[in-house]
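A, B, C and D are the chain letters, set down in written order, and residue numbers restart from 1 in every chain.
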Amino acid sequence: MGNSLNAWSDALAGFYLFGLPLGLVILAAIPLVFIALYSLTYGVYGERKISAFMQDRLGPMEVGKWGILQTIADILKLLQKEDIVPASADKFLFVVGPGILFVGSFLAFAVLPFSPAFIGASLNVGLFFAIGIVAIEVVGILAAGWGSNNKWSLYGAVRSVAQIVSYEIPAAIALLCGAMMAGTLDMQKITMLQSGAYGFAHFFLFQSPIAWLPFLIYFIASLAEVNRAPFDIPEAESELVAGYFTEYTGMKFAVIFLAEYGSMFMVSAIISIVFLGGWNSPLPNIGSVALNDWTNGPVWGAFWIITKGFFFIFVQMWLRWTLPRLRVDQLMYLCWKVLTPFAFISFVLTAIWEVYRP
Amino acid sequence: MQELDTAGLGSVRVTRKSDTVVILEKDLATEQMVLAMGPQHPSTHGVLKLECLTDGEVITQAEPYLGYLHRCFEKCCENVDYPAVVPYTDRLDYLAGMNSEFAYAITVEKLLDIEIPRRVEFIRVIVAELNRIASHLVAIGTYGIDLGAFTPFLFCFRDREIILGLLEWASGARMLYNYIWVGGLAYDVPADFLKRVKEFVNYFRPKALELSELLTENEIFVKRTHGIGIMPADVAINYGWSGPMLRGSGVKWDLRRNDPYSIYPELDFKVPVPDGKHSVIGDCLSRHLVRAWEMDESLKIIEQCIDKMPSSEGFNSRSAIPKRIRPKAGEVYGRAENPRGELGFYIESDGKSTKPLRCKARSSCFVNLSAMKDLSKGQLIPDLVAIIGSIDIVLGEVDR
Amino acid sequence: MEEGKVISQSLQESAAAYSIIHEKFGSAISDLDANETMPFFEVVDTSLWTEIALFMRDHPKLKFNYMACLTGVDYPAEEKLGIICNFESLALLNHKLSVKVKCARDGGSIPSVACVWHTANWHEREAYDMFGMTFTGHPDPRRILCPEDWEGYPLRKDYKVQDKYHGIKVPY
Amino acid sequence: MSEYFGNIKTGAVTIAAGMGITLKHFFNAIHRKGDAGLDDVDYFRQVDGLCTLQYPREVIPTPANARYRLYNKIEDCIGCGQCVRACPISCIEMETIKVAPDDLALCGKTSDGQQKKFWVPVFDIDVAKCMTCGICTTVCPTECLYHTPVADFSEFDRSNMLYHFGNLTRLEAEAKRRKLAEIQAKALADKEKKAAEAKQETKDGE
């Protein structure tokens, strides 16, 4: 299996046309296209529909059957909008902010194994890379917030930086529990270690009696890292108007949105890779009915990881449309006094479990 | 060790060793920032402007600026006849038009000293309490939005829509009713109205429970409002607070009980005040809880009114309305319990004209809001939003 | 009061409260206008108004802790402006009384009671905004509803609206 | 410490309860509430579900007594001008011409048989100003002015919000006015003539 791993992506990377690394470009374009498509379809439209249904509303209905083309109409509208840079804004930071944000959320896709045969870059420190690269978003947010020269934006940016930097600690420690169970930081290997004939029973979440704790901690922390409710204080629309992107219009605004939905999928994919077996099928082999064998493979793998990712995005949306927003100090309380200690506890317990495992 | 203030450059803590000054710690030079919140801001509930002086996220001072929605109510009143003031009162507190009309009507009736048919009184109370529920639904829903919970808002508006439908059916309009006239009602209620209202009461009870489970009991919501913006009872009275705001501070004061008007003395309902178990008395959560409990009491009142309602036989809703309203010379201050507190009307008549000489609306929101400066001192920006939400202002009533 | 007409209990309470104030301030205040709709007395010596207010708030038998309303009124016939305050002893003694204070129409001033009842703060600003009497000792004497540079006092009976405000046509 | 864990527990429990409610509504979204009006007997017996409607195509009916667009049935209007005086915001503009005696039959009667004594060449309602208070309709003696349940009457051009109900064209109005002026002038002349004659007589008498 080791050989077949990354087979497609390796082949693509080696594809040159007229001496140009066209394969690499395609490799990079696949996640990009994926983010764009998913944000268009599931991200924006899905969120609007899900929120509408939870609130007894119909949601978008006018453009296309059941409003399915609504997002395309929105994108067209955004494209036509005047691209305003406020007169007193720091033009360089203002323009570069959304770019950094997008690159930050996009880079992590490089190390996400989308199927047994496809991974952008099979790094041996993939998990570490994924955790670290999220921090780049902070720079983008700060640039956007500061560059706007708007007090609300500045508040949003400062809040966001404080929040993301703090929540990286419990998030990283929780992920380390998974890494410890796998014994590697390579995302592809972590996923492989969770495959087996019994499907979901091989997932790390069910491999150890305390894995639910880091799983939960990472999920909560990831909500904060991608600024989703109830931790959406950087863009709290009732307090800070729109937070760090108050001044953005047109395509820049769209790019920030894309980045947000991109990182939503990213953290969902990471949690499903580390704890829920990534591209492994959750279905077990039952006797001669080899469900697990039938539903595994490169294409099935892509299906499973995207499904798992979408499920977690659904939970994120579900939470968002249920809960009020925390206050800044409560957010920090939750991070430093609840999640971090419990993350350490689960870290130690996982270590003990790994050493004395029966 | 001592602290030196270096002329706005931030404080420096120093210590002296023999002759030399050793700097121990140096704060960054910080400035306070003026933050203009509103008049276009999502959580100022309209066109209120708060000019905040902020130190980081902490507000050192917040000064409200009003008048963006000033529509010269009092000047208008001096230029129209007594009955024609009623549509203007709708526009004071546009979320509770029936209550505003009710307050105006009883004030002028006090000046005229006329008897009102009993059925009129019952219908007035029913529509006013329905509107109170509608108004509290908006208050609770928007409070959820202020704190970031969107879904309860939509649930509130779903049910408010039904109340507005009921009131439209009775009065002909959805928000600006002109239904309660001086001396009577514009029309009797439609035939099936009371039955439908009763059905609504039954429909609404479980919905209110669901709402409280979704929002009021939510731990994040409680944490956001518990102990925030505490107003002691005596200060609240001195500020002239009334209604749910005053009751939130633990004063059991309800004009329907303490200065009874209409048929309220005959009805059995509680005046809810916080007991200090769920919340700190006088905080945002208390005020929110009082509103939630009041909806329940209003439902009870409506049920009783429907049961006791005199029959409509031979009833003319306009029978007691004077042909031409020209009160004798005199002054009156009449008031009623509105969803947001005491709405009072001071009316002066010169005895000759059919127009009031002076008609002043004492609006509850205006008075409640005046405590904003005190309440917001030293709070965080998110708490400021929570406090504004808990005051539940309607700018139409603040600016008049 | 007409002979034989029943005096309501609230009016009796108001009269009792009035007699206490009258005892203390004597001729500084006028007689009680004992009508059923709004019993009131007028402060004759306006300079004593703040003192009377404090007395009304703090006297153990008065305890007017709640100012319900403060209304500005224009009396063009008397060449005067006035305020009418409605007081109540909320949740304590439950009696009500109203007070009138008047001042000259041009450049008149009334002592502020914003230090006695917080309610008066904004209401006095509103009365100033609409009628133009000044409140001496008010902590924040600005207009409240109209813009700071608005001309005239809108609720005066002889008010003429200005033609243009910052280039915007005003009369509708 | 127990408070610490208690907080975490209540937090988890209440969040779970809230999520249960939203999930219930999410799955309930397969149902849609109908568009019955409140005067419908089955209003509260409709299914629970999505409660919004797609407005222009699906409408909750407005009740029959709803008070929206102001309408004047000019055939019944006697031109008394009560509504003009009653309107708090003066959104009604009216001009009347007295009917010449020989035109009374032409002018006609109201539906309840009252003789109309005025032509109403101008009866303009500015529905953009109208605040649908209904005061004008209550003072109308012939009940020809009333609010209709038509709630949606938005226009692209503001001048279209000025509704004209007058029963004469401008030319007709001009003719009527001239006719009336002639009659009045004639009457005046007659009067003057009579007065002059009377004077003459008194003079002659002296």
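Note that a residue touches a chain if its C-beta (ideal position, glycine included) is under 8 Å from a C-beta of that chain, and two chains touch if they have at least 3 such contacts.
Only a predicted model underlies this, so the values are computations on that prediction, with no experimental measurement involved.
Asker: Using the contact definition given at the top, which chains are in touch with both chain C and chain D?
Answerer: B
Asker: Write down the chain pair with more C-beta contact pairs when A-D is set against A-B.
Answerer: If we tally the contacting C-beta pairs, A-B comes out ahead.
Asker: Which chain's C-alpha centroid is most distant from that of chain C?
Answerer: Greatest centre separation from chain C goes to chain A.
Asker: Using Cα averages as centroids, what's the distance between chain A and chain D in whole Å?
Answerer: 57
Asker: Calculate how many whole Å lie between the centre of chain A and the centre of chain B, each centre taken as the average of the chain's C-alpha atoms.
Answerer: 43
Asker: For chain B versus chain D, what separation do you get between their C-alpha means, in angstrom?
Answerer: 31
Asker: How big is the gap, in whole Å, between where the Cα atoms of chain B centre and where those of chain C centre?
Answerer: 24
Asker: Quick check on chain D: which residues sit in contact with 2+ other chains?
Answerer: Residues 15, 18, 21-22, 25, 51 of chain D touch two or more partner chains.
Asker: What parts of chain A, by residue number, touch at least two of the other chains?
Answerer: Residues 54-57, 321-323 of chain A each touch two or more of the other chains.
Asker: Could you tell me which shape the graph of touching chains takes: line, ring, star, complete or other?
Answerer: Contact map by chain: other.
Asker: State which pairs of chains touch, listing all of them.
Answerer: By the stated definition, chains touch in these pairs: A-B, A-D, B-C, B-D.
Asker: Which of the residues in chain B end up touching chain A in this complex?
Answerer: Within the complex, chain B touches chain A at residues 33, 35, 41-43, 57, 144-151, 154-155, 158, 214-215, 218, 220-221, 223-224, 380-383, 385.
Asker: Which positions of chain D touch chain B when the two form their complex?
Answerer: Interface residues on the chain D side: 7, 10-11, 14-15, 17-18, 21-22, 25, 37-39, 41, 43-44, 51, 60, 62-63, 65-68, 86, 88, 131-135, 138, 147.
Asker: In the complex formed with chain C, which residues of chain B make contact?
Answerer: Touch list, chain B to chain C: 66-67, 70, 72, 74-75, 78, 110-111, 234-235, 237-240, 251-253, 258, 330-333, 335, 342, 344, 346, 348, 358, 360, 362, 366-367, 370-371, 399-400.
Asker: Give the list of chain C residues in touch with chain B in this complex.
Answerer: 35, 37-38, 40, 65-69, 71-74, 84, 86, 90-91, 94, 98, 117-119, 121-123, 130, 144-147, 154-155
Asker: Please output the residues of chain A touching chain D within their complex, sorted ascending.
Answerer: Residue positions touching the partner: 50, 52-58, 61-62, 318-319, 321-323, 337-338.
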